[in-house]
Structures are given as structure tokens and as C-alpha cells.
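A short worksheet on the structure shown next.
Here the chain labels run A, B, C and D in written order, and each chain numbers its own residues starting at 1.
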Amino acid sequence: MPASKRKIINDPIYGFITIDDPLLFDVINHPWYQRLRRIYQMALAQMVYPGAVHSRLHHSLGAYHLICLAINELKQKGIDISYEEEIAAKSAILLHDIGHGPFSHALEHILVPGVHHEMIGFRIMQKLNDELNGRLTTAIGIFTNKYPKQFLHQLISGQLDVDRMDYLTRDSFFTGVSEGVIGYDRILKMLAVHDGQLMVEEKGTYSVEKFLVARRQMYWQVYLHKTVLAAEKMIVKIIERAREIFDDSLKLNSTLDYFFKGFSEMNDEALEKFCLIDDYDVMFAVKKWSSHTDKVLSTLCSNLLNRKLYKCRLQTQAFDVSEIEEKRKQMAAKMNISVHEAGYFVFTGEAMNTTYRLQDEQINILSKNGNVKDISQVDDPLIHKTLSMPVKKFYICQLV
Amino acid sequence: MPASKRKIINDPIYGFITIDDPLLFDVINHPWYQRLRRIYQMALAQMVYPGAVHSRLHHSLGAYHLICLAINELKQKGIDISYEEEIAAKSAILLHDIGHGPFSHALEHILVPGVHHEMIGFRIMQKLNDELNGRLTTAIGIFTNKYPKQFLHQLISGQLDVDRMDYLTRDSFFTGVSEGVIGYDRILKMLAVHDGQLMVEEKGTYSVEKFLVARRQMYWQVYLHKTVLAAEKMIVKIIERAREIFDDSLKLNSTLDYFFKGFSEMNDEALEKFCLIDDYDVMFAVKKWSSHTDKVLSTLCSNLLNRKLYKCRLQTQAFDVSEIEEKRKQMAAKMNISVHEAGYFVFTGEAMNTTYRLQDEQINILSKNGNVKDISQVDDPLIHKTLSMPVKKFYICQLV
Amino acid sequence: MPASKRKIINDPIYGFITIDDPLLFDVINHPWYQRLRRIYQMALAQMVYPGAVHSRLHHSLGAYHLICLAINELKQKGIDISYEEEIAAKSAILLHDIGHGPFSHALEHILVPGVHHEMIGFRIMQKLNDELNGRLTTAIGIFTNKYPKQFLHQLISGQLDVDRMDYLTRDSFFTGVSEGVIGYDRILKMLAVHDGQLMVEEKGTYSVEKFLVARRQMYWQVYLHKTVLAAEKMIVKIIERAREIFDDSLKLNSTLDYFFKGFSEMNDEALEKFCLIDDYDVMFAVKKWSSHTDKVLSTLCSNLLNRKLYKCRLQTQAFDVSEIEEKRKQMAAKMNISVHEAGYFVFTGEAMNTTYRLQDEQINILSKNGNVKDISQVDDPLIHKTLSMPVKKFYICQLV
Amino acid sequence: MPASKRKIINDPIYGFITIDDPLLFDVINHPWYQRLRRIYQMALAQMVYPGAVHSRLHHSLGAYHLICLAINELKQKGIDISYEEEIAAKSAILLHDIGHGPFSHALEHILVPGVHHEMIGFRIMQKLNDELNGRLTTAIGIFTNKYPKQFLHQLISGQLDVDRMDYLTRDSFFTGVSEGVIGYDRILKMLAVHDGQLMVEEKGTYSVEKFLVARRQMYWQVYLHKTVLAAEKMIVKIIERAREIFDDSLKLNSTLDYFFKGFSEMNDEALEKFCLIDDYDVMFAVKKWSSHTDKVLSTLCSNLLNRKLYKCRLQTQAFDVSEIEEKRKQMAAKMNISVHEAGYFVFTGEAMNTTYRLQDEQINILSKNGNVKDISQVDDPLIHKTLSMPVKKFYICQLV
């Protein structure tokens, strides 16, 4: 089924990304998809890595490109994938992050309390499916793992999916952190389907290990870098403070107001409004509030704008509660604010990273003779038990 | 003179950028400099090249890195540069774009009519110099070419300066357009100073040709790409329409209002306000006005947001005036607006590119025996007369 | 027609190269093809660029990869190419350099006087075709431009063929000379077939200009670099001297002897022997002769081994004959050799480069409305008349 | 102390390598150093990775470049390194592989039985030091770890030396195996000296982990790749067979003969001859012997030339002796040779890899408060005990 139209997009990582099916054009040209252009993929990591300003839209195009390669590879290996399934899987990956809000993970559960981006994404896909007369039904089936050919879901969402392959590759590229470079092309060449499940051929074992190690390193060196954490906690605290004291003086006269006053649950009205907000709304608020009369709010806002971030420290033990209390009291006195308010300037929390979850999910290695082993069970594994347990660090953030 | 403090910044192009002098820290940490983080280097080129979202701050750090290399190189060749001059030149390049406003060149002369970014930059540097007790005096001297060692100015602003070297390299990297790749490291190795002027050693001739050709190609393939042009003209028309009809219904209750109502000349008040605005203010306005009652304004705004750009065509001959008039009339009828208003939806203009200006500036090639020739005078030159003349193309933009 | 077998080869430039047809395996596994593994792609350029040690085999695999991409692209655009034609074109490009001898172009016409590598290549292909029971007949037809679909020949041998695209890309990669980087992926995306001829779509114009400029720059900066020239002339002079004085004391007791004593024309015997020699034979001879009693020969050989190359100078005017004579006399006196022998140590010659031949071949640019123009006839062309004329420089080499 | 002369060399990985001291020129221009140009860095890995044809000379220049960066970094951190020590360390790294023979590690102990390349290297350095009137004395002191500032030795030879940093980076670059990419520039920025020992600052921990994992992966994916192993064992068996049956019919009339007949111990005569042989001598022998009357020898030689390599298998358990015996008998019968001779066609052995030796050497991590920990003792280590034990695999090679 040749495309009537064909478009190529320059990508600094993969060279060219090709779009060639009407459904894909309909998805990409939709305002809800274009909104992702205005959401940073890496939230405030750019405060440390100035190149890390790529958008969610760019990431989802990249993941789309990788699924094109993966599907092509599997088809060459004789796996049966119909044209309709192919386009469905491609649409699903384009839409996999459609539920992300402003500053994505940094403000998740904060701006829209109690709602996960995957749930919002699912709701948006359904609405879009209605608009497109059901042409996304298979895509949604794959996305929600209801579709019989499970390997299609696993390509989109699993321990070794094109989402992770693209974000590691892309985040590594834009930050300049070479530790995150993975051999995505080799992994893609090694993909196989066995008993309906996505697997990796045995000779791809080292590439998969590399992938898991790269992920671990990107977590600690980039995603949970102490200064990145400091910046992201600062924007969290800004939203929290604004919500706490929200009144007319904080109003922006824009859609964002709704999420401070009015929002109760993710009903249709809320969903519609959600689809209108992006990083620009939040940053505009930060700019505006930087001259507000509330000292806590304006301090946080102008500090974020001028990159005067919290001093942040990470350690493996929890911080002493009484010590924190003491610091808060000092801060309250110094700033002439209440101890409660000082909690915006001195606080602790936990940062977590799981490289590989042994229980939940598996990366199956398929040997030549048809045996299947988990990556942690191969000979001389790098991926051992301790690595597969969640690693927690405690942080403290303080205004300076 | 070892630095008390030293910071390295990850750059995806050059690896690491090192900051190691108190003055440089003072410049970088200043809110006016941090503002550049919120201005796209390539304005709306990201509508075509999704990776082109790097900031002016990132570019100026990159140019700073290149001047570090250049100065190091020249010193190794025996050129006398004192530590103070070195830091002054580095400060000057960090600040060379400080006068850019929201969406930089796209909105230059539009948002702040009749004022060039270099003039604003000069004013801001002076203010900053006051704040820093005159520690930028030499930097400003170099920037304005008042300082005796002219080659320092030429490193910052000339036909072959580190500004251009960085923006070609960086824009090429982030867009993925390999045609813009230049051998910046080779050019830097070939720099020389002769009679107080910056030159290139003879064996660097081909690298310089390559640099000029890369620039020409980036102009036509990227900077003046018809769809990039379409996007940038759309934001221009938005500002123009907003100014035309500005009243309370358009007010944003933010600093940006001043530049629609209140601004007359670039006095101190205006300058202070200028230092507060960035891409976020403009994009917030675009988002807000996308639901305004003025059909012209709201159409332009929502089209830009949703990437429904003008259809744009470039040609070497001017467009026929009567034909444009006709198209406007049709548009007016179709949209039920005046012909004047239809001028926001159908219009023409000129795009220009000069690869190399023979008259104005020179790239001097220094031969082993001490002869100096312009790059267009070497044996078998690629850079010939016709290439050095400004090339003008005419464009037409139309709403679709 | 799925392949029974499939092999992927790691390539540092393109990632992975895939081989998946029995005929391609038969070609690649043949000893005559494997011989190319032992011939440097860039002869002695590695004396200046230490990374430039890649083999002819690697280059021909690279060109093969590019033709795979090109054919895929053309088929997606609706051009009719049968599976047989596809494999034939791929076989032809794999074999396009099969007639190269030791140190390829450097020793062409020197080691086997009066025979061009394309003629030898044609003869070898015919022999191979006999061995393979005529399975290369179509490939040979394409190679010799006898096959009706001329664009297939043009992909292999033309102004813009995959051969040049790969060697510019590869030589640039391995030397580290960024000036030679071309946008091969963009050019491939822009290929079209019109009236049976290979063309480039109009929006690929700048990429083609870039390609031609890159080629020009690689010529002067790399292929005809004065020290590369010096090294390659040294090995030429070694062969010439060895031939002049060849006797039993020079015999190597290997196939190479035949080309000093015995060879008269490229008959079947000569061809068979030709298929056995490579860089190792020549370098072994150089090593052995470095201790020969003939002072001229041993000096040249040990100098080459130890990288004591001629001092070489290039200029646009011819060198003065009497001056050369004088230098030779001085050399003869100094080295206690005849003036004739001194001619091995002091000599001049011509180096040529043609970026683009207007007359012979064309790069056709296809506009949207179906017009065809040569690349030198587009608006505001970079590729102008003077650029398209052969450029000659004169060199002088002298022992130091 | 400015250099009178300065030379830059293009490197595809690092851009430019600068040589600027007379002693460095004397080392590089010496015939013994130039010999490294004719020895493959990765022996026969090019049979699998066609790009892996870079030379030992290129690697040692690369390691030299990295030590320049490292020394510069340490000096900026206030570590006292005199100009003489600097040049000595640079000379030492240039010479660190000078003792390698043809096909380096593949033929180590085979061509010159019982002699390690480091011992030969030491002998050659001493000879060179005599020639250079003692100017290498400090370099040799550093190389042999006799020099008081131990960190200089550790930069050259240790768990985290510039040798390993360059070979991982370079081998990864030329093979195209992205799994071997390390963040060498970040590691270099994190180097520190504490109590006279080379350390890594705490925030470099993840980069060091990455380095160790990259090394492990390059071992299994490249250096001990079953087909690379097969090729390297083939050349080993060729040398062994040639030595076993060496007589006049095998003589090459070149220096290599000495190592088959005449060599007893590494005395001065042997050392002088060793400095004359390289890959060309061995490959010429392979070519010549490919038509020898000894069936074993000629089969091995022509198979290697034509890339008809052993079929090789790796496993964690030893192979069954009686099974091997059986295979040999079958081979003997099939080829009409003795069972002893069949041992050249069917054999087993062990391949080893140690990622990190806990006992022998350490990578010390220096925390901000001055504490020193081994990399395996940091919080949540990736580098655990099992990883640090030698990993052995058994291989079987068989003629096909």
C-alpha cells in the first residue's frame, strides 16, 4: 500500500525520519500532538546540560523511527505483521507520551494531583480515536496490551522497548554524556519473536547489558544529578506554594488557572483544558510570580529564572529529622517567615532508580537451540541480583 | 593566575567547556545572561528541524569555548596576549548576543521597532559594567573595536569569527544538516596575527573556502528554508496585528504589554523592561491570543501553535503586484475580512544572503613568505566575484 | 525472494551492512575479492593521515551499502527495478574496483604498464562470470553500460555515483578531514529517474554543490597533499628503478617477479598472476631492496620505510628546466651517482584535479515541473565555468 | 620552553594531535617507531570488522594525545609536574608498545618464543636511550615505575591508563562497535593525585564503571569474538607448522628466516633483527607458503588469505578430550594426513578475560572529604566481586 504522500524529517541522530501513511500524518498534524513540541523531554535537566532542550515531540518521532526499523527487521526474519498492524504500532508509539503535561515527569502528580500520565494518555487516545472514526482502535489495543500479538506491545512498552532505546540515545546525544550511548542499531538487528514474545538473540547479550548499564548511569549522572534534582524540586515547590495561596493576585487569565482553582477530577472538561497547557504556561507563571508579594513564591520563582538553585546533597542514609527542623527554624528566622514556609526552602526526600526489575518484567535471551533465559541468568552475568533491586538515595535541598 | 573555582559544562559538540575566572562567573550568573537560556538560537527553525531548539546561552558558551582555543593557539605561536586581555575577550564573546530579544533575528526590529540588537547589547554591557565596577571596560573596548589590538575584535566579530564558527557548527549539529559542518578545529589551528590583523595561514585556505560554502548552504537550506521563513513571518505578522489593534482585550498583564503600549524609544526604562522579556512571553501571548475575537489575530496564533504554516514559495524574480492584489481580494472575500486584513494572509517580500562581502570585510590569507591575499585572490579560487555579491530571492506567503 | 542466509557486517560509518543473496556471498567469498582486503584504498596517504589505512574491500562494501539504499529509495518512488536487476547492480558495485593492483592509483600504469584498472576489472569479471555460470552477465552489462536501464550504470559510474559518495565519506572519516563530509543520505533521498536517466530533485541542489566542493577539497587537501604526493612518487620511483636494473639480485621468488621480467601484455597468464599480487608483495620488495647494493634503489626503499620522504612543493607555474638540471647535477655530485640516477632524487611533474567536467558528464537537476537543468545552470550557481575546468599544478620532489 | 618546531597530525577521533618537542620528534622519526606503522593494532580482527586496520603507531599517537590532556589537567589542579617530567611521560607513552612484533598479541610468544613484548620494549628503549645520549632516562624510569612520582607511571600503565583509554576508544571507533565507547574526556577531567597516587574524583565514579564495562564488552564482542579467535589461531598454527618443518623450501630470504632458524635467545643480534620485522614479513610468508608442498601449511595459508577460517565455538565447560581425538582421526582420514598433523585442523584451548583485578591493581575513588575507596567499594557498586574474577571460556576450532 504505497503512500500518496511522503515526508522526510531531518534528525540529528538518525539522519532522516520518513512519514508515509495518511493515519500517521493525521496523528502528527493534530494540535494535541503538536503540543508535545512545547514540552521539554528532560524538564529542567537543561539547567545542568544546556543542550538538553529537545522536546517530547522530537523523542516520540525518534521512537517512531526505531519502531519502523524494528518492524522491518522482524518482517525480514519472517514474523507475520500486517500493514494495518504496522501502522497501528507506529501510531501507538507516536502517541505513547501524549498524556504528558508541562515539564513532564518533574510536575507529574503535582500540577494535576493524583493522575498518571499513562491514564491521561489513554483518555486522549480514545478521544482522538473518536475524531478519527475508529482508525486508532488497533493502536489502542496494542498500547493497552489487549491485542493478541503481544510482541507489538512489548516493542512499545517493556524492559527493552523503542521508547527507552530512543530516550537513552537522544538524551545522551543532547546532553553530551557519552555514558548513555547504546548500540540501538545492534539491539534492533538482534530482536526476535519466540512464542509470541519479544526476545533478543543470544549474540545480542552484551548489547543488552550495555543498554541496562547505560540506563543506570543516565539515572545517576543525569536524571537524578543533584543539580537537576534541585531545579526540578524548585518548580515543584513553586506549584505547591502557588496552590496553597492561590487567589486573584496569582491569576494568569489563562487555562492554567483552572488547575489551581476548579480542577477536581480528570473529567472531560479537565481533559480538554489539559490538552491546552504546556511548558510555556508554567514558565510564564514563574516569570509573573517572580514579582509577587508572597516572599516564598517570588523568591522561588526568581531563583529558578536566574538559576540560583537549591544546594542539593545526596546520600544513602536518611537525613536526621531534628537536624532538618533546626535548619528550618534558622531559615524562618533569617527570612522572617514561618517555619511552615521555611519548609519550601529546606526539605528532604527520596530519589529512586531501578535499573532492571527482576520480578516485574524480563529481557529474554533466545539461544540458537531455542532455549530462553532471562538476561540475569546467562553465563557470567553482569546483571546480577543486587543490580536489579531498586536503589534509593536520600536528598536534602536548601536555599542558598 | 590560577582560578579559585573551576566549573566544567557538558557540551554535546565540544565535550567540555571550562569556566575558570571570577569575572566569567559573574557574567554567566547574571540574570541578563541567564535570560538567553530562554531565547531560541534559531527562532522557529524547529518547525522544520525539530532538533533546532538550542538556546542563545548555549551558543554563546560555545563561541566562548572556541575563543579559548583560538587564544591558546595564538599564544603558542608567540602572539602577546595578557591575562587581562584574554579574560576581556572571553567576556566580550559571552556577551556578544546579550542584546537579542525574543525569537532573536525573527522579531528583530519588529518587537522593538527601529533598534538593532547590537545597539541594545552595547547598552546592556555598559549597565553591566557599572554593576561590575568597570571590570568589563576592556571587554567593551574589544567589542566596539576601540581596543588597539584589533585582532581581538576580529576574533569576536569579523568574516571568520568564533561567533560564526560556533553557530554554523552548532546549528548544523542540532538540525542534523551535514552540509553545515565546518572544520572549526582546523581553522583555529591555522589562525595567525600579522601586522596586528587576524589572518589564516595559507594551508588553511581550503578550510576557509569550506566555511564560506557551508555558510551559503546553511542560509538556503536552513535559515531561509521556505517553511522556516513561513513560520517566522507568521510570528512577525502576529506581532504586527497585535500592535495594530492593541487594546485592553489583548493585555497580558506582563512586561510584554509595554512594548505594545508605552514604548517610544530605548531609554533606561525600556532597557530594563527589555531585559525581562524572552520567548516565553511571546509564546504565551500567542497562546492567549489564539482565542481572541479578532479573526486575523486568532487565526495566525492558532495556526502557528498547530503548525499550520503559510504556504511559501521562493523565486528569483519579483512577484507580480496585480496578482498579489487579486489573491488578497479573494482571501478577503473568503474570510469575510477587509483587503487590508487579508494582507496578513497573503504577502510577499525579499530574502537575502551574502556569503562573503568582498568590499566590507576580508579574510586574509597569509603565505609562508609573508604575503597577504584576500581569499578571493588565491590561485584557482572557489570564492569568486559572483559568489561574493548579495543574493536576493523573492518569497510569497499565503494562508492555506 | 527471501534469502536463505543473511549476514551483517559492522561498519563504523553506516552501522551495519547486510548481505543476503547467494550471488553476493559467492562474489564476496571469492579469493579475487578477498584480495582487495590487502590493498589500501588510499595508497600511501597514511603517511600523512595515519588513520587512512582502510582497504579497497571495505570501500566496495560501503559503496554496496549505498546502492542498497539508493535502489530501495528509487523503488519506493515507483521506479521499476526487478530483483534480478537489483542483485546485478549490487554485484557490479562490489566488483567495480576488482581490477585495482597494489597501491591502486599510485602504481597504476607503473607496475603493469599501459593497462588501465577498469580494463583489468572487466577481464576479471568475465573470468568470474565463467566460473559462476553466467550469473554475472547482467552485472557486467550494467557495469559496461550496455544494459538498457542506464540509470543503473549511472548509480555505479557517473558524476554522482555511489562509488564517489562512499569514497568521499569513507576517506573523510578515516583521515579525520571534516572538509570531505558530504550529505550522502540526503543525496540518496533526492535521487530520481527521469527519461531513464538518474537525476537529483531540485531541493537536493545544495547537497550536490556540497558534494562537488567536498571532492575538490579532498583532492587538494588529501589526495594531492604535497607529502602524500611525495610518498606516492617515491614508490613509483622504486618500481621504475627496480625495473631498470632488474636482475637475479632483485628477485623476490614470488609472483611479483613476473611483472619485472616476463610480462609483455595482459594475457591470461598475466591476468592470473595479477590476481595474486597486492600491497604485501610490493612492501615486502621495498623492505628487501632497502639493503640492496644499488644505492639509488636502497636509498629510496629505506627512506620510504622510515618516512624520510621527498621534500615536495606545488605551484601553478611549470618549474624551470635548467634549474632542475642544475639541482640534479649537484645531487649527482653529492651522492656520487650519475645525473641520470640523480633523476630519481630530483624531478618534477604535474598533478591534476577536475572537480566537475561540464562537457563529459552531467549532474541533472530535476525541477518539480519536470524541467531538467545541469547543476551549473541553476540559479545563482556555485558550480561555475572556471570550477569545471581541469586544474593543474606542477610539483617538484627532492631528496633531503 | 616553546618548541622550535610544531607539527599537527589529523586524527579522526581527537581532531588534531600536536607534537612540539625535539625529543618527541626524535622518537617519532626513528625507524623503530615507524615500524609500528606496519603492525596492525588489532591483528586479524579485521577479518570480522573490516575497519579495524589501524596501526600500533596510530594507537600510540592517540595515547600520547590523551596523556597531553591528562598532564594539562593535573597541572591545572596544582599538581607539580616539571617540563622534563612532562616530556619524559610523553616519550614513555609513545614508546610503550615499541616491543610489539608482527600481529602483536596474536603472535606474541609464538614468533619469538618465551619473550614478552614488555621485556623487548624495555630493551629497545635502552638501545634508543644510548642513541639519544641518555635523553630517555627519565622516560624509562617512569615506564619501569622506578621514578618517584608514581602517578606518572600509573598514567601509562595501570587499571585506568591512557593506553587502555585510547585502545578502547580507538578500537571501538574503527570497528564501529558502539559498546566500547567510553567517556575518556570526562575521566581525564576527573583525574586527581592524592598521596602521590593517581585517583579519580568521586563524581567520576560512573564514568569509571562505564570504562570497565566497555572493556568487558570489547573483550567478548570483539577481541575474543569467535571468528577473530579463529583467524588469529590460524596464523598461530601457520607459524607453528612452519617452525616444525622449516627447511630451505620455506626460506624467504628475508630477516624473518632468522626467527625460524637461528634464534635462541633475545640477544643483541636477535633484537636488531626483531626491529626489522613487521606484519608484511609474516603476510608475505603466508602468501608464499600458500603454494608450498606441505599440505598442512599450504591449506592453512591459503585458507587465511581467502578468509576460509576455522569454524570456532566457545563454551563455559571444557571440551571432551575423547571427542576431540575422534574428530582428529576423522580429519586425518579425510585429508590423508597423520593424526598429529590433523591437530593443526582440530584443536581446543582457553580464552580469558579479566575485567578488573581486585587484588593486583586498584582504581581509587577520591571523595571530597579526602577518603579513598576502591571502585568496588563505593555505594551500590556495579563492579562487584564476581565481575572482578577472571572469566575463562573454552574454544574449539575446526577446519571446514
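Details
Methods note: a contact is a pair of C-beta atoms (placed from the backbone, for glycine too) under 8 Å apart; a residue touches a chain by one contact, two chains touch by 3 or more.
Which protein is which chain? UniProt says A, B, C, D = HD domain-containing protein.
A quick note: this is a predicted structure, and the numbers were derived from the prediction, not measured.
The set of chains in contact with chain B (HD domain-containing protein) as well as chain C (HD domain-containing protein) comprises A, D.
The pair with more inter-chain C-beta contacts, choosing from A-D and C-D, is C-D. Rounded to a whole number, the gap between the C-alpha centres of chain A (HD domain-containing protein) and chain C (HD domain-containing protein) is 49 angstrom.
As a whole-number value, the distance joining the C-alpha centres of chain A (HD domain-containing protein) and chain D (HD domain-containing protein) reads 42 Å. The distance from the centre of chain C (HD domain-containing protein) to the centre of chain D (HD domain-containing protein), each centre being the mean of the chain's C-alpha atoms, comes to 32 Å. Annotation for chain A (HD domain-containing protein): residues 15, 177, 185-186 touch two or more other chains.
Chain C (HD domain-containing protein) meets chain D (HD domain-containing protein) in the complex at residues 9-13, 15, 29, 31, 34, 37-38, 46, 48-51, 53-55, 57-58, 61, 173-177, 253-254, 276, 280-281, 283-284, 287-288, 305-307.
Residues 2, 6, 8, 15-16, 76, 78, 185-186, 189 of chain B (HD domain-containing protein) touch chain D (HD domain-containing protein) in their complex.
Listing the residues of chain D (HD domain-containing protein) that touch chain A (HD domain-containing protein) in their complex gives 177-179, 181-183, 185-186, 206-207, 209-210, 213, 216-217, 220-221, 316, 379-380, 382, 384, 386-387, 391.
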